[in-house]
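Next, two complexes with chain A in common: one pairs it with chain B, the other with chain C.
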Partner chain A sequence: MRNSVALAKITFLEGIRNRSLFGIALFSLFILGLNIAIAGFFMRDIGKVSVDMNMSALTFAGILLIFFVGLNLITKDIDKKTIQLVLSKPISRFEYIFGKYIGIVFFTLFSLTLLLAMSCVTLVVLMHFNADYFFDFSWINYFLAAFFVFVKFALLTAIVIFFSSIATSAFVALICSLSVYIVGVTIEDVIFYLRSEIAIQEKVVSASLERFLDVIAYLIPNFSVFDLTMEAAHGLLITPDRVLWSLLYASVYIALLLLAAAVIFARREFF
Partner chain B sequence: MIDVEFRNISKTYNPGLFKKKVLAVDQLNLRIPQGQVFGLIGPNGAGKSTTIRMLLGLIRPSQGTILFRGAPLDITTMQHEVGYLPENPYLYDHLTLRELLAFCGTTSGLSRTVTTQRGDALLERLELTVAAKRPLRSFSKGMLQRAGICFALLHDPALVILDEPMSGLDPLGRKMVFDLVMELKERGKTIFFCSHILSDVERLCDRIGIMVGGRLVDEISAADFAQQLKATVALELDGCSAALRDRLNPLVEEIEAKNERHTVTLLPGNLYPVIELIREHGATVVSCQSAQVPLESHFFRVVKGVAQ
Partner chain C sequence: MTLRSGLLMIGLLLALLYPLSQSIWGERYRIQSGTPAGYVIPSQYSRVLSLGNRGLLSDLLFLKAVSFFGGRSIAGQKMTAEDWNYLVTSIEVITDLDPYFLDPYFLAEGLLAWDAGLPLKANEILDKGIEHRPDDWRLPFFVGFNLFYFVQDYPAAADYIMRAAQLPGSPDYLQTLAARLAYYGGKSMTALLFLREMIEEADDPLLRKRLAKRLLALEGAVKIEAAVAKYIEAEGQSPKTMAALVDKGYIDALPEDPYGGKWGLLQNGRVFSTSKFADHVIESEPGN
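Right, the complex of A and B next:
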C-alpha cells in the first residue's frame, strides 16, 4: 500500500504540473464565463441552463483531463520505458496499477474540485442578479451531480488503465477507451429506443443485432447512470437508493477493471 | 559465492503480426560471482539489454533458469537487492530529483532521514546538489544520466546493473561515474556492466563477456586477458643500424622498415632492455605509442570470427 501511495503521489504531481492542464482549465473557465454572458438570453430558464452548462463544462473538462493528461500518465511510462526503472524498485505490478489509478483519480478530483469552485462562483453571481429564476435550485443536488461527474471519470480512468495495460501504444489505448466512453454514454438511449413500440413494430434491427446490443449493454458500463444533471437543473429529488446503487455500480466496475488490468499487466513483458 | 547465474537461458520474442520470431538470447550460460565487476559487451542487438531485463524480471526467459544467490530468481528479493540504470533513462519530466529520490526511498523501505542523508551524499558525489529542486525536464542528457545513477544507488543495492552508464556524459561526467563505479567495486558490490566504451570496460571489469547474435561467444577474466592479448608498444627509431636490428630481434615481436626509420613492436615487459640496446647503438626514439587497444582489437576479432 505504501508503494502505491508513493507512486500515486508522483503520478498526481506529474499530472498537476502538466502544462496542458492550464489549457483545459482556461477553456473550462471560458465556458463558465460564457455561462454568465449568455444566461440572460434564457429568461425563466436561467437556473436550469446555468446548471446544465456548468455540468457540461465539468464533463468536458473531465474528458480532456482523462484523455490528454491522465492517459499519458500511464502510457508514457510504457512508451518511454520509465516503467523499467520503476519496476526495478520493490514495487509489484499490482501496486503499480493501483498507484497509477489512485494518482490519476486524485489528479482528476483536484482539477474538477477547482473547476467546481469556479462554477459555484458563476452560479452565485447569476443567482445574485436573477434570484427569482433559481427558486427550485438545490445546492445539494448540484454538488451530488458534480460528485457523480467525478465518479463517472473515476470509472473512465479505470477503463483507461485497463486498455493501457493491454495496448502497445498510447493511441490504441486512447481509441479503445474513447469508444467505450461513447458507447457507455449512449447505450441506454439506444436500448431504450430499440425497446420502444415504434422500433419493435418497424423492426429497426435484426434479432441477432439486438441480442448483440444486449450483450454490449451488459459489458460496457452505462455512464448515463451517473448523469444527475437533469435532477440538479430541475431541483428533482435524488433518492439515497439511487446514490448508493450508482456508487456500488461504479465500484464493482472499477474493481473488476483494475483486477483485470493487474492480471494482464502481471503477464506483460517490457522489452 | 555466485550472485547471479544464467543457466541455459534463451529468449524468443514475437515482433508483431506476420513477422518472424526473433531469437534475442540463445543458450546463455553465465556466472557472476559476488563482488565481481562483469562487463558484457557486444554489437547493437546482441541481446545485452534483453539479458538485463530478464534478470530484472521485466521479461521472462523462454527457456532456462536464472539463479540469484543460488536460488531461482524471486523478483521481490531481486528488487530489494538490485540497483538498475537503464540505457538513456527517461525520468518523470515534471518531478524534481528530490521528489524522485523520495519516491525511491519510500519504495525501497528507507526512512525519510536515511533517504535524505543518502540522497544528499549521492547528489554531492554526482554534482547534482544545485539542480536537486529543478524539474527533471530542465536537465541535460548527462545530468539525467547522473540522476538515473542516483535513483539506482540510493538504497545501497548489493547488485548494481548499469546499462550504458557513460552514455551522454561529457569527459568530466565519465570520470565521475568511472570513479563511482570503482568505489562501488572497492566496497564489494557486484556490478553487471554493459557499455560500448571498451576502454572503460577494460579498466573497470574483472571479467568480460562478448555477446554476438544472442550468444555469449567469449568470456575472459581481466588477468587472463592481459596475458593472452599481449598488449604491445611500438617505438619509432631513427638510425636503427643492421647490428642493432640483429640484437633487437630476439627481444621484439616485429621490426618494420618505413622510409629512413624503423618501427619496432615489442611487449611492454621487454621495454627496458630494448631501450638499453637502442642507447648503446646510438639510435634515437622518435615516437612511442601503444600498438593496439587490446580489448577493441580482441572484440573486433571475435565479432568478425562469428560473422564468418
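Right, the complex of A and C next:
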C-alpha cells in the first residue's frame, strides 16, 4: 500500500505540473465570466441559469482534465515504455493501477475544488446584484451537486484506467472511454424514451435491440445518477437515500473497473 | 521573411478582413431575418443530445427563442403562423428539458396568450408549470387571467384565481378578485384590476410596454363604461352614438384608443373598440 501512496503522490504532482492545466483553468474562467455576462439576458431565474452554467463549466473542465491530462498520466508510461522501469521496482501491478488511479482522482479533486471556488465567486457576485432572483437557491444543494460532478469523474477515471490497461495506444483508450462516457450520460434518456407510451405504441425499435440496450444499461454506468444540477438550480429536495445509493452505485463500478484493469494489466506483457 | 514584412502582411490582412467581416455579418443578418423560423429538436431527442447538460440546453434554447421574437419585433416584421409554431414548440421543449424553469412560463403568458392569440396553448404550458412549481401563485394566476380575459370562461377563471389566492406570497386582493370574477364576470373594471397586477409582475420591458398600452386602452373603456352607466341611469336608455355621451356632458371627451381604433357600444352595454386593442394578431378579445 505504501508503494501505491508514493505512486499516487508522484502522479498527482505530475498532473498539477502539466501545462494544459492552465489552458483548462483559463477555459473555465472564461465560461464562469460568461456566466456573469449571460445572466443579464434572463428575466427571473438568474439563479437557475448560473447554477446550470457553473455545473456545466465544471463538467466540461472535468472532461478535459481527465482526457487531456489524466489519460496522459497513465498511458505515457506505456507509450514511452517507462513502465518497465517502474515495474522493475518492488511494486505489484495492482499497486501500480491503484496508485495511478488515486493520483489522478486527487489531481481531479484538486483542480475541481479550485474551479468550484472560482464558480462560488461568480455566484456571490451575481447574488449581490440580483438578490431577488436567487429565490430557490441553496448552497448545500450546490456543493452536493459539485461533489457529485467529482464522483462522476472519479468513475470516469476508473473507466479510463480500465481501457488504458487493455488498449495498446492512448488514442484507442481515449476513444473507448469517451464513447462509454457519451453512452453513460445519454442511456437513461434513451431507455426512458423507449419505455414511454408513445415509443411503445410506435414500436420505435425492435425487441432484440431493446434487449441489447438493456444489457448496455446494465454494463455501462448511468451517469445521469450523478447529475444533481436541476436539484441545485431549483433548490429541490435531495434525500440522504439518494446520495447514499448513488455513492454506492459509483463505488461498485469503480471497484469492478479497477479490479478488471488490475487482472488484465497483470497478464499484459510490455516489450 | 523579415519582421517588418511579416507585420506589414498581418496589417494588410487585418485591413482586408474588416470589410469582409462586415459583409459576412450583413449577409448573415439578411439570411437570419429572412428565415421563416427555426426547427426545434423534439425534447425526447434533445435530452439525449444535451449529453447530460439538460439545464444548460434549456437556457440556450430560451435565449434563442427570446432573441428570435426580439429580432422580429425590432425589425418590425409580422410573426407568421409558422413563427408562432416555432415559439410554441421551443417553449414546450424548454419546459420539457427543465420543467422547473420559471422564465419560459412567463414567456408563454407574455407572448402566446397576448400576441399569438393562443391562450389555450399558453394555459397548457402553464399547467405543466403548476404541476412542477405548485407553490408559485403566479402560474395559476396567469391561467385564471387567460381564462377570464381571452376565453371568457369566468367560473373556470375564478377557480384558478382562488387556487392562486391560497398560495403563499399571493396578494391579499386575489380572494376578492376571485369572488368578483365569479359574480360579475366580464366587466372591464375586473380586467383593469387584473392588468395592473400583470404589469407589476412583468419584467420584460417589451411586455411591460405592451401591457401599459393595453392598460391605457382599458382605462379608456372603463371611463366610457362609467359614462354609459350614468347616461342610462339619467336618460333611461343606452346612448345611440358615442358622441351623445360628450354632447350631453356625461364625459368631457372620448379617451383616445392607443391602438388607433374607434369606440363603439355593444347591445349588452359593453364598450368595444374597432382596433380590438390589437397591434397585429389577436383572435379573441373581451366584449366580442
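Please note the rule applied: the second predicted complex is superposed on the first by the 271 of 271 C-alpha atoms of A that agree within 3 Å, B and C clash if a C-alpha of one lies under 4 Å from a C-alpha of the other, contacts with A are read in each partner's own complex, and residues count from 1 in each chain.
Just so it is clear, contacts are C-beta pairs under 8 Å (C-beta built on N, C-alpha and C of every residue); 3 or more make two chains touch, one makes a residue touch a chain.
Small disclaimer: the values here were computed from a predicted structure and weren't measured.
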item: Room on chain A for both chain B and chain C (clash or fit); value: fit
item: Touched partner set for A:D52, first chain B, second chain C, both or neither; value: second
item: Touching partner for A:I10 - first (chain B), second (chain C), both, neither; value: first
item: Angle at chain A between chain B and chain C, C-alpha centres, nearest 10 degrees; value: 150
item: Chain B versus chain C as contact partner of A:A233, first or second or both or neither; value: second
item: Touched partner set for A:N18, first chain B, second chain C, both or neither; value: first
item: Chain B versus chain C as contact partner of A:R2, first or second or both or neither; value: first
item: Which of chain B and chain C A:D214 touches, first, second, both or neither; value: neither
item: Which superposed partner A:L85 touches (first chain B, second chain C, both, neither); value: first
item: Closest Cα approach, chain C to chain B, once both complexes are overlaid on chain A (Å); value: 29
item: Shared contact residues on chain A - chain B and chain C; value: none
item: Sites on chain B touched by chain A in the complex; value: 13, 50, 53, 56-60, 76, 79-80, 82-84, 86, 89-95, 99-100, 102-104, 106-109, 135, 148, 151-152
item: Chain C to chain A touching residues, read off their complex; value: 44, 47-48, 51-56, 58-59, 62-63, 66, 98, 100-103, 106, 203-204
item: Contact footprint of chain B on chain A as seen in their complex; value: 2-3, 5-7, 9-10, 13-14, 17-18, 80-82, 84-85, 87-92, 269-271
item: Residues of chain A defined as touching chain C within the complex; value: 38, 41-45, 48-49, 51-53, 55-56, 59, 136, 182, 185-186, 189-190, 193, 196, 223-224, 227, 229-230, 233-234, 236
